[in-house]
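All remarks here apply to the structure that follows.
By letter and in written order, the chains are A, B and C; residue numbering begins at 1 in each of them.
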Amino acid sequence: MKAAEHRVTGIDATTLGAWLLALLWILPLLYALFAAFHPPEYATRFDLLAPITLDNFRRAWNAAPFARYFFNTFVLVTLILACQFVLCTLAAYAFVCFPFRGSEVIFMLVLIQLMIMPEALLIENYRTLSRLGLLDTTLAMGLPYLASAFGIFLFRQTFKTIPRELEEAAHLEGANALQVLLRVFVPLAKPIYVAYGLVAVSYHWNNFLWPLVVTNSVETRPITVGLQIFATVEQGIDWSLVTAATLLSVAPLLVAFLIFQRQFVQSFMRAGIR
Amino acid sequence: MKTSRNAIYGSLLLLPAAVLLWTFTYQPILVTIVDSLYSTPRGRRPARFIGLDHYETMMADPVFWKSLVNNLIYALTTIPLSIGLALAMALLVNAGIRGRALTRMAYFTPTVLPMVAVANIWMFFYTPDYGLLDQMLRPFGLGGNNWLGSSETALGALIAITVWKEAGFFMIFYLAALQQISPALIEAAQLEGAAPSQVFRRVTLPLLMPTTLFVAINAVIGAFRLVDHVFAMTKGGPDNATMLLLYYIYQVGFSFWDTGYAAALTVILLAALALIAMFQFGYADRRVHYR
Amino acid sequence: MNTSRRSFAGIALGAIAGLALSTSTAWAQTKISFYYPVQVGGPLTQVIDGYVTKFKAANPGIDVEAVYSGNYIDTTTKALTAAKAGAPPTIAVLLATDIYTFLDEDVVVPFDGFIKTAADRAWLAGFMPAYLKSAQVGGKLWSIPFQRSTAVLYWNKKAFAESGLNPEKYPTTWDEMVAYGKAVMRKDASGKVTRWGVGIPGNVGSAQWLFGALVAQAGGRLFNENGTETYLTDPKVVEALQFWVDLNKVHGVHPPGIQEWGTTPADFLEGRIAMIWTTTGNLVNIRRNAQFDFGVAPYPGKVAPASVLGGGNFYIFAKATDAQKEAAFQFAKFMTQDELQADWNIQTGYVAPRDATWETAAMKKFVSEVPAAEVARKQIPNSVPEFSTYENGRTTKILNDAIGAALTGAKTPQRALADAQTEIDRILRPYRK
């Protein structure tokens, strides 16, 4: 396996294969760039000499409040991520450091939610939120996800690998339970937080079905729902417009990723998942 | 003394998560099971107990069976394909090829592009005749395919999108794990005369098992929840060729307004997920050293 | 007569009660909420907001909260779930086909009770009968036409001319459509088709609509007025589906498999298909982007030419105070006045459902610029309501699946429709008393 060799070689079959796959993977984005920057008549035919235009972006920008949608998604993801970190950390800490009679049973119960994602309970959760009078709020989009079994599970596994001596040492220095958590466990589990954060951001940034069901106004609708509503019109698909809208709405994240990808990937690699 | 202190601290720490899990997971599961035994309330007709009627309807419902079979095919193809490709991508990027940063970025981009947005782009790829795929196939005399509009290819077309969307995401986790493998282990194996393929099978792969489990859980969840492209592209058609369980539940619940039947379908989805979970953790217990 | 007088009294009482209530809490407005979908492209929410502002200026006693709620399906979902949760909108624009769902859920009120004055009756009489008919169930009027459309045929005049056809002559019969379709077909050297004759969208969501037109053309009927029966095994219905299937299988003028609604306009603009079946709502789009001369035609016929209606109506929800309902009725009347309808139709491509709208100066000017716009209007007397029954979501899905099965060759049209009829019979049985 070439994987083991770790040296920069010339352009061999492996490299070519990797590039080909990369091209295949980026094709939709390349197409989006092509279609969005050219007049509609070129959306389905490729001509390198086609005139460049920003008109599609202007039309898309005027047709729907994409800035608002993006902001909504940003608020939603931030809310979920922050709450998940806090709630899952506390729960995992309880399972590892404060075991009591029945806590194992509770942990098994938590594991149930690992597989049963809130989407499966769409209908019942919708009713609950409607009873709480929370429909069409950012909180409603987030609530079912705030306590994540996946997070609790991951953090528990990580906390368990942390030597108890460290914890005891902190106790001897007079740290209380919360301080032990914040000074010992959380810093040592940082890589897992990065990994989990990536999963959570990607999940909720892309989430569609649940937000579609619970939102109905521009003020709460996330980008995914906004784009879907924008793209499904009676006249059929206007690819120039849809690709322009797509680029407008993913641009901030895409640019951020392009700028920070090196740092991000490296810190993530140092993290590792166990 | 210690136990009572633990019980107080432990339960206080667990309380917020427990309340949320109860409200949005356990309580709805119970209510769903109960609801599946009642008829759907309509304007003038309140719900009444009908026992297993919904389940009998379900057994006779060809769309349910179709969605179940489709979902199985969908899971059994997208899970191994996306995991396999993710591993391959990670190995490729890890192999020190030229332009690895760009390549890695290319693999990862689908993760930041929301499915509903790219669905429309893929719609163009799959369009017969002037769609990108057909434009590329035409020189080989293979044009004229109606990928989304024929029962044989529609599900495959959606599977391809799912794999495209997920592989790059999973790659990141493999990449991180590969970097953690000590080069000394690999060198030791090589010194013992192991062929590269043996090194991969005996050293690398076992060390990647925890990552594989992590990724597999995500892939399984994805196989049952990722129906955004069904929503945006086919609505389950043609003739239910792309009907997946969660999309059917959504349709029965929010377009047929038959909440009772939707509850019964949900119970089946829950059972399927529980079954997979038991298998997965049973298997994981034997193969992965999770403490 | 008696009932309408009684409900009039009720409303008057309600209005007085409302008035009393509002005077007691100083001077308060009647607040109504209005859900509406936008199903065509363009910044139409601003247009609606403009209308609402005008209405509020003309009716200072009424405050309208306009909520743009996505496409039709989203809006219906929102309105119905909100109704079930006890907080429906006061008035909403929703699909005409959803009427049976609303009746089943008991969430809307008929308009008959609001129509009291001679002016009201004159306003009502101004709607085209075909549209009013599709809003009536059990002798009551449940909705008011607002943004209506109909399906038409677009043909590529350039392709017709290239193929030796008269570019101005569109097909008026099935046979002509097939013959013209054969004439315009083009293949490349390898035998692959590069231009098809005709495309009829058959994906989930479009199939049942256009099939309604085919069935009417064959002289058949898909469903009854009370929404309790479908006639899928009727030989004329089977004939219609057989024809659709044969367009590809026998005549080879239609692309194989399912034609996708979303890409159909692009197929036409690309010159891939010379004749397409789609909505009048596509006129603005196609006019803007077509690189060739094209025409808009009424549908052909087997027995007689016929098309199908589409689009959305105003519904007033039951759970509102009488004052709110009355305010909502005033709003519906305002939104359907001819000047406003003319503006709305010019901006969107919908087909104004009132003859007087077509007589306004703005509309006349538009028609002189875009004569194609008038094709739709002329076709309306020959148009049938779109497929709609009780349990509409379910029956529509079953019909869609049957059409899909036939078009993809999984079942014969006869078999597919017979299976679907059995399914639908089972579902509609409780409604047949």
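Things to note:
Assume a contact is a pair of C-beta atoms (placed from the backbone, for glycine too) under 8 Å apart; a residue touches a chain by one contact, two chains touch by 3 or more.
Keep in mind it's a predicted model, so treat the numbers as computed, not measured.
Among the remaining chains, those touching chain A as well as chain C are B. Counted by C-beta pairs in contact, the busier of B-C and A-B is A-B. Taking each chain's centre as the mean of its C-alpha atoms, chain A lies 39 Å from chain C.
Chain B and chain C have Cα centroids separated by 37 Å. If each chain is reduced to the centroid of its CA atoms, chain A and chain B end up 15 Å from each other.
With touch defined as above, residues shared between interfaces to two or more other chains in chain A number as follows: 43-44, 212-213, 232, 237, 239.
Taken residue by residue, chain B touches two or more other chains at 123-124, 127, 130, 254, whereas all remaining positions touch fewer.
Across the assembly, chain C contributes 77, 81, 262-263, 266, 270 as residues in contact with two or more other chains.
Considering their complex, residues 3, 5-7, 9-11, 13-14, 16-18, 20-21, 23-29, 31-32, 35, 89, 91-99, 101-118, 120-125, 127, 130-132, 164, 167-169, 172-173, 175-180, 183, 186, 190, 196-197, 199-200, 204, 210-211, 214, 217-218, 220-221, 224-225, 227-228, 231-232, 246, 249-250, 253-254, 259, 262-263, 266, 269-270, 273-274, 276-277, 281, 290-291 of chain B touch chain A. Against chain B, the residues of chain C that register as touching in their complex are 73, 77, 80-81, 101, 103-107, 190, 192-194, 202-205, 255-260, 262-263, 266-267, 270, 272, 391, 393-394, 397, 400-402, 404-405, 407-408, 410. Against chain A, in their complex, chain C makes its touches with residues 38-43, 67-71, 74, 77-78, 81-82, 84-85, 149, 261-266, 269-270, 278-279, 281-282, 284-285, 289, 291.
Note for the complex: chain A touches chain C at residues 40-41, 43-44, 62-63, 126, 130-131, 135, 212-213, 216-218, 229, 232-239, 241. Within the complex formed with chain B, the chain A residues making contact are 1-9, 11, 14-15, 17-19, 21-23, 25-29, 31-32, 35, 43-45, 87-88, 90-91, 93-95, 98-101, 103, 106, 109-125, 128, 143-144, 146-147, 149-150, 152, 157, 160-161, 177, 195, 198-199, 202, 205-206, 208-209, 212-213, 223-225, 227-228, 231-232, 237, 239, 242-243, 245-246, 249-250, 253-254, 257-258, 261-262, 265, 268-274.
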